[in-house]
Amino acid sequence: MRYTDLVETIQFLADDGRPLGDLPLSSDELLHGYRALRRARHFDERALVLQRQGRLGVYPLFRGQEASQVGVALALRKDDWIVPSYRETAAAITFGMPLSRLILSWRADPAGWRIPEDVNMIQFYIPIATQVPQAAGIAHAQRLQGRDAVAAVFIGDGGTSEGDFHEGLNFASVFDAPLLIVVQNNGWAISVPTRKQMKVQRIALKAQGYGIPGVVADGNDLVAVWHAARQAAERARRGDGPTLLETLTYRIAPHTSSDDPSRYRDEGEAGEWAKKDPVLRMRGCLTHLGLWDADKENALTEELETEFLAALEEAHAAPEPKPWEIVEQVFAEMGPDQQRDWAYLRGES
Amino acid sequence: MRYTDLVETIQFLADDGRPLGDLPLSSDELLHGYRALRRARHFDERALVLQRQGRLGVYPLFRGQEASQVGVALALRKDDWIVPSYRETAAAITFGMPLSRLILSWRADPAGWRIPEDVNMIQFYIPIATQVPQAAGIAHAQRLQGRDAVAAVFIGDGGTSEGDFHEGLNFASVFDAPLLIVVQNNGWAISVPTRKQMKVQRIALKAQGYGIPGVVADGNDLVAVWHAARQAAERARRGDGPTLLETLTYRIAPHTSSDDPSRYRDEGEAGEWAKKDPVLRMRGCLTHLGLWDADKENALTEELETEFLAALEEAHAAPEPKPWEIVEQVFAEMGPDQQRDWAYLRGES
Amino acid sequence: MIAERGTRVLNNVQAINEALDLALEHDPRTLLFGEDVGVMGGVFRASDGLQAKYGEKRVFDTPLAEAGIVGFGIGLAMAGMRPIAEIQFAGFLYPALDQVLSHLGRMRHRTRGRHTIPMVIRAPYGGGVKTPEQHADSPEAVLCHVPGVKVIIPSSPERAKGLLLSAIADPDPVFFLEPIKLYRGVKAEVPEDYYTLPLGKARVVREGDAASLLCYGGMVEVCQKAAEVAAREGVELEIVDLETLTPLDTGTILESVRKTGRAVVVYEAMRTGGFGAEISARIAEEALDFLQAPIVRVAGWDAPYPPFSAVENFYRPDAKRVLEAVRKVLTH
Amino acid sequence: MIAERGTRVLNNVQAINEALDLALEHDPRTLLFGEDVGVMGGVFRASDGLQAKYGEKRVFDTPLAEAGIVGFGIGLAMAGMRPIAEIQFAGFLYPALDQVLSHLGRMRHRTRGRHTIPMVIRAPYGGGVKTPEQHADSPEAVLCHVPGVKVIIPSSPERAKGLLLSAIADPDPVFFLEPIKLYRGVKAEVPEDYYTLPLGKARVVREGDAASLLCYGGMVEVCQKAAEVAAREGVELEIVDLETLTPLDTGTILESVRKTGRAVVVYEAMRTGGFGAEISARIAEEALDFLQAPIVRVAGWDAPYPPFSAVENFYRPDAKRVLEAVRKVLTH
């Protein structure tokens, strides 16, 4: 049988951000996209500081993957859905999650785990790949309900090895579910490089096993990701089914705030990828097009810091979780066992 | 990305058995192959009778799939391994399983479930797809032990939907395990047609997601299956890793002896496929080549019936299973709980 | 067969089929899916005729993948549908246990009530009819150790219909395990119309004072046989049919044991770690002073349910073994 | 730190690492694999340095797929190898439960001893260190309900090393669950060389006559704290560390309870359906006449282990709750 070992990679910006040709986005969109990238980056940097101060729990950084996440979120409508793994804080921010909730979420505070009613996102998933069949169901429900909303599910290169990834893709394709399966190929699954995770060159090739399109985008090129995600979303809305979108990027940061990559990789590689930094790259694009300058940059930084500090305030204002909340929300109505436990935790027995 | 929606199908014999060109098998091999097909067919027909007489339990017929199974078994060496689903009785017969053991096995008799020491086969698997990662491990063990033996694992079209199919293929490919993954695409998973099981046209295309070869053979053409399996086995022995082999065939019989296909399909289709019957087709080939005639056929039938009756005798001679065997072989050494249960079952407590 | 007005005599499969039919009619968000549930109507015909009646959008076959079935259902439920998934046999729930343990029972809790999973997962379970390997498993103990899911096991057509309709209407995930042995064996009067029966309640199906038989599902029939035999010897056994395993109705169990002072716990799953251990533990914690004899368990042996049909009946508890246990607690 | 000749002071991770090292050295068929166990040496460093020492063929990283890891290991074992698989956290065993429930514990039985699975599956388990969601699960009860598998949970470095070496030498599949809370918290003298400790034996780690505390793994430390407090009030508690959950050493449990007449069962998993229920059930069946008080369980609440770190310590049993239970059984 013939092989298609390589899939061409969608790219619109050179490593320094120079447009390689006509861009499929308007100037306003480009500016909007850059601000979204910076917002995400700012949160990630400040979150790490909080974590180091012991004010957050284990935190999965996303530095370097902003374009892969923001680009997809920008292609979605408010009534669409995002089904994330644990690393999609950038997508969540862009999709409308209040920063204060995200701070609380990574502080492992119940107030953060209850997503606002007006945000169609499921709280971050820890068990790898389990979100994929669920996302297929969420997407299929949109069609059953006569809507043209779509769902975007995120997973990593390592996650593609799990059975749930396969079952989810198969369900999505068999039912023509309006779903974007976004695989952020950041080169690593904790300490395991993608080449040890699978034999195939391109994760997008896996789409062929399900009879759906497989697309590869430069994951550090916001224009490329946004464009590819938009096309996949339109296809899904038309009822033509799911698309597998592989974004080529790199986890330049540790796996989480508690990981030490020097135990398993040469950080030189991360340095190489830092040169393709998605945020700087987009800024390069704007500068090249005369849409951006140092003043704008400084103003934006100030604005973002103000926003973050306000969010921090808000997060601090959240009430301390109560011990008895442990046995609340197990069932809609507490069973006799939860009632007994609840009474004990309230000191009433 | 480019698509390879169709994979050419390996075929050597026309529907009536006429060779379409040079055959990759010697006359002796062709004769040997035909006898193997007939042996399997004879067992299947007699087993169904036994089942109807209440002398076997639920029996999964393989009528029409003989070539898909026998062809693979013929490509294996004695020191290779077969890891079957529940439908591979034909492969087991060809690989050297005594008929008496197979009768006992389908009578759900422990004497049948203990595979002879000199047959590298694991007892039929009931939970779909679980055999695939296990087969990858068995195959990998051969290399670790410095042998060039290979393993062949069987699964159906429906089984490809399970997560274990995916995980098994990924492990096999990542470790270059000497494994043949044989998918018998017989068109049905009980009542569910293959087109509802997956969106992709050809199961062999799934190989592209793992960076391994995917091959399609006419599953009713023994020459095609044997040839394809032999090539895949050689590749595996060389250390070049696994191959996914899809055999296109049809389940002309009910799913098992307790199924009634008229509840879910038009039996006309089965009739169409009966015209491509793998046994008649191979006989057609031999006749065309002047290697076979009616006398040989009758002699063979008699020989097979004699063999089957002897096997039946032998099966009858097997001792009745004892109640206390239920708690034997739970552990190498019974634990206190098994000892208590054992004593009770022996009427000693 | 004509019965009193408003009811007919049905077996369990028919009662379940009727409940599914009414649920689909009752709420347009209801979906029914699984392996072979569509055109074929299920291997036990529980969904017979429903695809023809409600269409392929609402009653459909899925690919052969249990984690996919449960995960897909979780997604449908979180997005506002009312999924009813059939797992062909309880022994094939295992590939879906990650979805069950990681999400089904946790989603409401982890999202603080924002996302909930009103989903029913039906599965035939248990032995007694010489099914192939793994088709006779009884994994209820595993499901009862999962916080946030309810587990229902009916033992008669009339109860099965009402309990299944309650399970489908419940705002939380519910496992509904159907004893294979009773699918066609048991027939009874079943009301025609839509009705629900309360979850979380155990039922005294036979009153007695000599000892309490605590059981559920396929073992209720076995305990009834035992009780009849004992009655002939003038020994009146009380039978408590749990029906709901979680949330467990401890009150009814304790009430019975406090009255009889003797408890025999009967289940067909492997003895060690079976749900009967939880029943014993609760009695030993809350009714010890009333006990006049040890709490005896009658259960499957500490071995897999034998795939060897000739001996399968020696694994599954029967009236004889229940009576031996009764003798033990009575003569203590 | 120099200790008496032939031993060193090690924590649990170091003791486990040493056992793995010796097992690899001891038997060339031994393989060690899982997610991040190779170059990285495991997220808890249990396999630190072993790939460098024994090579990538024997100590290797696998793809991120637990069913694949266990299934692959089953195949390796059936084909003559001695696989040791690491599941990164016990809460991630769930995707592998089909391989566990369908095959790991059944293969010897179904093939009548022809194919066996001498495999060890290690996994860190339990709470107490503010890990992320699902990283603190305690699924031992599920594993103890699987026929044909053994379940070992050590509570000290010296025991961990010997028990792990026994598990690796065992002809049947063994789960070896390692309490995360004790990985680095506990240090003790550990003999340098290869030694094994018998599986299937419980251990009285503290003698007393007032009441028996029955526990294992991370709860042993908690019970010891409780016992020390009680001792100051002149109450001597006996602590039985089960170490092997299956096959369970019922004898040692009964002996202790018959002596003290009072039993408190302590485990950190969700109470309902937890393994402690099995312990209570066995006592209630075989030592009832010796009981002077109800059998009280101290366990996790009937809810998921909270992913909300601020309240996690209210879920996991502590000395205070154990002492409340002790008071209950003493004042009954």
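Labels A, B, C and D are assigned to the chains in the order they are written; within every chain, residues are numbered from 1.
The criterion applied here is as follows: a residue touches a chain if its C-beta (ideal position, glycine included) is under 8 Å from a C-beta of that chain, and two chains touch if they have at least 3 such contacts.
Everything quoted here is computed from the prediction, not taken from an experiment.
Across the two candidate interfaces, A-D and A-C, the one carrying more C-beta contacts is A-C. In this assembly, the chain whose C-alpha centre lies farthest from chain C is A. Centres computed as Cα averages put chain A at a distance of 36 Å from chain D.
Averaging Cα coordinates per chain places chain B and chain D 41 Å apart. Averaged C-alpha coordinates put the centre of chain A at 44 Å from the centre of chain B. Listed for chain B are residues 110, 113, 126-127, 161-164, 167, 170, 174, 196-198, 330, 335, 337-338, each touching two or more other chains. Looking at chain C, residues 63, 65, 67-68, 91, 94-95, 98, 102, 109-110, 133-134, 147-148, 246, 248, 272, 302-304, 307 sit in touch with two or more other chains.
On the chain C side of its complex with chain B, the touching residues are 35-36, 38-41, 43, 61, 63-68, 91-92, 94-95, 130-135, 271-272, 301-304, 306-311, 314-315. Partner chain B is touched in their complex by these residues of chain D: 31, 57, 62-63, 65, 67-68, 70-81, 83, 95, 98-99, 102-103, 108-116, 147-148, 150, 171-172, 200, 246-251. Residues 81, 83, 110, 113-115, 117, 122-123, 126-127, 130, 132-142, 144-145, 163-164, 167-168, 170-171, 174, 329-332, 335-338 of chain B are the ones touching chain D in the complex.
Against chain C, the residues of chain D that register as touching in their complex are 67, 91, 94-95, 97-98, 101-102, 105-106, 109-110, 133-134, 139, 141-142, 144-145, 147-148, 246, 248, 265, 269-270, 272-278, 280-281, 283-286, 288-289, 291, 293-297, 302-304, 307. Only residues 57-58, 86, 107-110, 113, 126-128, 158-159, 161-164, 189-192, 196-198, 263-264, 320-323, 325-327, 330, 335, 337-338, 341, 345 of chain B touch chain C when the two sit together in their complex.
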